[in-house]
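What follows is a pair of complexes built around subunit A, which joins subunit B in one and subunit C in the other.
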Partner chain A sequence: MSRTTTTRPAAGAPTLTGRLVAWGSTSEVGGLLLFLALVVLGFSLATDRFLTAPTFASIAFQLPELGLLTLAMLIPILSGGLNLAITFTANISGLALAWVLQAHGGAEAGMFAFALGVFAALAVGALVGLVMGAAIAYTGAHPILVSLSMMIFLRGLGEFLTRGGDISGFPEFVRLIGHGWFAGLPVPLWLLIGCVLAWHVLLSRTRLGLTIHMAGSNIEATRYSGIDTRRTLMLVYTLSGVMCGIAGVLMLARFNSVRVGHGEAYLLITVLACFLGRVDPFGGFGRALPVAVALLILQVIASGLNLLGANQHLATALWGAFLILVMVIRYLWASRSPHRP
Partner chain B sequence: MLLRLDNVSKVFGGVQALRSVSFDVAPGEVLCLAGENGSGKSTLIKIISGVYRPEPGATMLFDGEPIDGLTPGVARSLGIQVIWQDLALFPEMSVAENIAFERNLGAGLRLVDYSAMRDAAAGILARLGVTLDLDSPLRELSIAQRQIVAICRALIADARLVFMDEPTASLSQAETDALLVIVRRLSADGIAVVFVSHRLAEVLEVCGRVTVLRDGRNVGTFPTQGMTQTRLTELMTGQTFDQAVRAADHSASATVLEVRNLTRRGDYEDVSLTVRRGEVVGVTGRLGAGRTELALSLFGMNRPDGGEILLNGEPLRLRSNRDAIDAGIAYVSEDRLSLGLVQPQSIADNTALPVLDRLLGAAGLLSEKRKSVLVSEWVRRLSVKIGRPEDAVSTLSGGNQQRIVLAKWLATEPKVLILDSPTVGVDVGARAGIFAIVHKLAEEGMAIILISDEIPEVYFNCDRILHMRDGRLIDEYLPGATPIDRIESHVHA
Partner chain C sequence: MTSKLSRLLLAGAFAIGLTATAIPSNADAATRMGVVVKIGGIPWFNAMEAGIKQRAKELGVDAVMVGPTSADPALQVRAVEDLIAQRVDVIGVVPNDAEVLEPVLQRARDAGIKVITHESPKQKNADWNFELASVDGFGDAYGKMLADKLGGKGKYAVFVGSLTVPLHNAWADAAIAYLKKNNPEMELVGDRYGVAENVDESRRTALDLMRAHPDLKGFLAFGSQGPIGAARAVSERRKGGEIAVLGPFSPGQGRRLVHDDVLTGGFMWNPMEAGKVFVTLGDMLAKGQEIKDGMEIEGLGKVHPDFTERNIIVDQLVELNKDTVDKLAELGL
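Here is the complex of A and B:
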């Protein structure tokens, strides 16, 4: 059989737009970056207040909380599950840090107390994750049920411990972590960049990362290949919990207080960010970097709408409409990707 | 003729599944459609039942009327029914609901008339002379009883031509006899029945003719009068097997794997066997005889209640399949699609999965270079035809997928290789290639267990054959010393 080439008759050098579109549809990150550029362009044309330093600063400070929680959601989804307890795990971790700080003099607490508190926060996050992971791995219960139960437990526990109120009064240097700058970028953004890179290496370069992808596609076939899939699942949720712990520390530093329920609204947006970042909702396929770009898109849209709209509620509605559009585009991409017929 | 097909061909993306096949069935006839896996039997049935369209140029007549452009709905309304091996019944629904299911389809918003449904189901059962509790849920029935339910469901739709896919695969002799009684009754009512099978000893007696397919071609249609199992096997495979027996005596070689009195209640009992260096030991028996359960115990995934497993004389304690792999035991699962490979993931990752520990480079990270060296080495050594290593495994043909399964296990450098039905869904040509690999491994000293319910497969590839029934090893045969017909009749008796 002879193969016919399908060049257009008047094909000269391809146009810049044509090349961009071609790149965007073949590269994983490329399409998302292209979309990001379109969104930025659109808002810049709509208002001259968009492309300014204050807008950049507001995005750079707001993005990391959502970003860290999205990373906490990413690996359970890749493994074929879900972690609905991420925001309350972050709250409880924040409480652990707050408790250590208060026990060491509250606003007078030193760096050592802070380090100890961060360790406690991460340990609490890891423990919460480990419990969920063990329940999922050993009972075979659905991750949605397990993490939903954990979410309800943590919310109740947190509200009981805080009597439903805020805990505040931390040392000044803690506030700097949430609001300071380092080497030209906000400190929280550095934290996010570090965590994204760590997740990128974990998922693309480690044994565990490869195993998570395989188990996400077919956990039984993975087990038959000699992989301890129970251990894999426990590590997945433990790491998710540690990432929640980091988010909890950042939220404490940003708000200068801990309140159970902080960031609750982020939960479903983290799922959306993963899907927009081309993670397969059924598990097995997805990478950290596209998810990071997807996060940026979501935050730029949110901030841009805030700048445009005087009305907060309309801005929320418009953001939702954007998300629907984004899902449609994502679906069109997914239907062209090679691993799904 | 009730059904007459001529010049039926079918091509799937470059693969010729059927080449100009002719096929006919008379009213009330009982016919065998014989052929190995991948010979085109399923494709032919799917064309007759309207699932696939044949390539242009085919003639298809039903009752003398052309039936071009057949759809599944039209085929059913003509009275063409297929009872697939999995039966496609609803385990949670009652016998009556399962039988009368299709009558309620398309009933719109009308309520389901349960009493009419029960009456209809009872009528059909009476016509077959069978008693079944109409209200018991299907999951409580034996396979044989479920098969009767499936037959009833076909009859209630006024079937005139019924295809039965491997109907005797998991039946005992008594159940098979009962099924044949029902088939004779259908035939007396003028309903044509086509048995589709690659193991026909039991059904040859009830059939008048047998049509044999091989590699998508029609070998011919023969009267069953005077047809033997051996002759049929030769027709199906296109090989004469007298010279193909390769059994050799390995009793002088060192014992690699020894199993002593291994028992797991409900699965198998008091199993003892040895496999020597370079030896291929076949384990055969009917479905449900405990073969796979035994294999999984040797692979550390099904803990025995008692007995011992020794490798090179050392007792093994297997807590997981990782222990087994590390000890040098590999297991090729019978279910390549859902257990053997992670289908949507890449060829490279699937090959590397059991040996990730050996692919670590700097800082404990996976080395892409080591992975690609491993994958390309095994793709070359087993001559696997692949596009790129990062393509999904599901893009490969059955035979090439099975080679990837072998590759991933050979990469673990096993001393014992357990192959559980390794040629299911692999076409005839590719099977020979897979067995060539197996024989080469044996020559290099690997101890191999080959599990299969296809007697010719174990007969012509093994040095010894162990016969398993109801969880026990009941007999041992030496290919060549025992005629294949004798083994066939023992195993399927």
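Here is the complex of A and C:
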């Protein structure tokens, strides 16, 4: 983007830090990684309990459920929309899995029942997404309205079906998915890594990824260039729904139960993570990897503040302040670019 | 300009980073504990935090309270994860959802952390759960108080929050059973009414009942708004002093009515005391002290723990009346 940072004569010789900063301001992931390093450094200075294996484990266990929901939010935002129904879609998918498990003996259910249940969960997620996508694509209603209606519908439906309570009593191996370790990393983290890579490939290497970005930039222009934008939008929300299904399975395993309200607090944080990950709020621009790094930054800040014993409300306030700061810095960077007035 | 600034910042940060490794770790022997409550920033848990801080200071314990920003059980799981990362000695929890916390509390105990819960009698993976009020103790106390106020005879009505709130109905069962057994001359009017979470419904129901039964002498309302609503009805009919209104209510909300003589009083348990008990118990467990039957524990009194269900249930009730209500209200309750 901007080459001026490297060519501008610096106060001294072009140092390593100077080059790092230059790289940070030109590469999306680079800037965020630098920022992550700064945050980690700051917390390591504040408390010697930060750079330890238990902190890593804590972050690695907390990140995935939020991460999967953020991925579910990412694609709709890229296409110029929003999906406010993600947490409830995830929980309804979790309910589908829970019912399949219960129909096959609850705590005694086997692997086959679990596989069937996961399939059911993903199918439910996909179906919810498809309905939303179809409504958005064919009626032209604003995605916020459609997904808000879907959210209210799913919440009501879920509360009705479960009478507001929990469903629990799952086989022991389900707990391993939420709390076990595999090859040195927590199982949920493997799941997140896999999904981030899948989303990265989908968005940057496939035809669909390109059309999603195009639709987000200018949907009319995309339609006039001969692309079936309705099909694209339906796929966008269906994929978002499938990702919600995966998140629902993980949340069931993590929380050992399903309730419609689980993780309600995550909804806005996923939007925050997308914007912090340099996704354009108006759609069209953004990639999966920076969003993953942004998530990591948010989680490091949250865990670090908890480690310092800070008030939870203060942590929330800091997240908000932080987002405003990111917006300002991004504006400053953009206005320094010679390509823009 | 920005690149120069950030370069400066970075260089500074790296410099501090180098010195950071030289700072010695402040390992100490004091017990460290964290208490995760249902939600932060509401009066009940602010009072609990005050209790935790006060007792921690007395015992020289490093104790903090973590209050999530909403009552979402998922946030409690995250808070517990972070406490495990801090390698605290004791984790205390007032669960929003007992089952959601099971696996993460299991991990805490695997890491050698002691776990104490409050208001969660069927909690799995806790070393101990403590309650400051037993169901029967609470119900009996109300039954006895009502009998005292009415002189052992007369008609009374019972409100609960809703017919599906198990705890309110269990309290009502216990109180009614106590009165049937000890004061057979007292008569329950109608069935119990599920209105006590709503001031206006409580007020209207109380007015209707007073009209239908002119000789009604008492209201027993389990549910935070029931006593307030019934007291307003009594006030409107100018029956203050003639009809007793009992129930647990928020002292700040009810203090005026208590001083106006229309709200008679009740019992509650004090979250500040619960906070102190968290720290007392946590320090004992961290120091390897066993909890034994008949043991005297500060804040709990003589305990008779249930060793199979891992429950310590005592009746440390605070009476709400003209003398106590102001002090409790000043705690913000």
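The working rule: the second predicted complex is superposed on the first by the 296 of 341 C-alpha atoms of A that agree within 3 Å, B and C clash if a C-alpha of one lies under 4 Å from a C-alpha of the other, contacts with A are read in each partner's own complex, and residues count from 1 in each chain.
In this text, a contact is a pair of C-beta atoms (placed from the backbone, for glycine too) under 8 Å apart; a residue touches a chain by one contact, two chains touch by 3 or more.
Just so it is clear, the model here is predicted, and its values are computed rather than measured.
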Task: subunit A: partner with more touched residues, subunit B or subunit C - done: C
Task: Touching partner for A:L210 - first (subunit B), second (subunit C), both, neither - done: first
- [ ] Scan A:T222 for contacts with subunit B and subunit C and give back first, second, both or neither.
- [x] first
Open item on the list: Quick one: is A:W181 in contact with subunit B, with subunit C, with both, or with neither? Answer first, second, both or neither.
Closed with: neither
Task: Residue numbers on subunit B that touch subunit A, as the complex places them - done: 301, 320-322, 324-325, 331, 333, 338-345, 349-350, 352-354, 356-357, 360, 364-366, 391-392, 408, 412
Open item on the list: Residue numbers of subunit A touching subunit B in their complex, please.
Closed with: 201, 205-207, 209-211, 213-214, 217-218, 220-228, 284-285, 338-340
Task: subunit A - residues contacting subunit C, complex - done: 5, 8, 10-11, 15, 17-18, 20-22, 24-25, 34, 38, 41-42, 44-45, 48-49, 52, 54-55, 57-59, 61-62, 65, 166, 168, 175, 178-179, 251, 254-257, 259, 261-266, 302-303, 306-307, 309, 311-313, 316, 329, 332-333, 336
Task: For the subunit C and subunit A complex, residues of the former touching the latter - done: 2-4, 6-7, 9-11, 13-14, 16-17, 20, 23, 25-26, 40-41, 64, 66-70, 72-75, 77-79, 81-87, 97, 99-100, 102-104, 106-107, 111
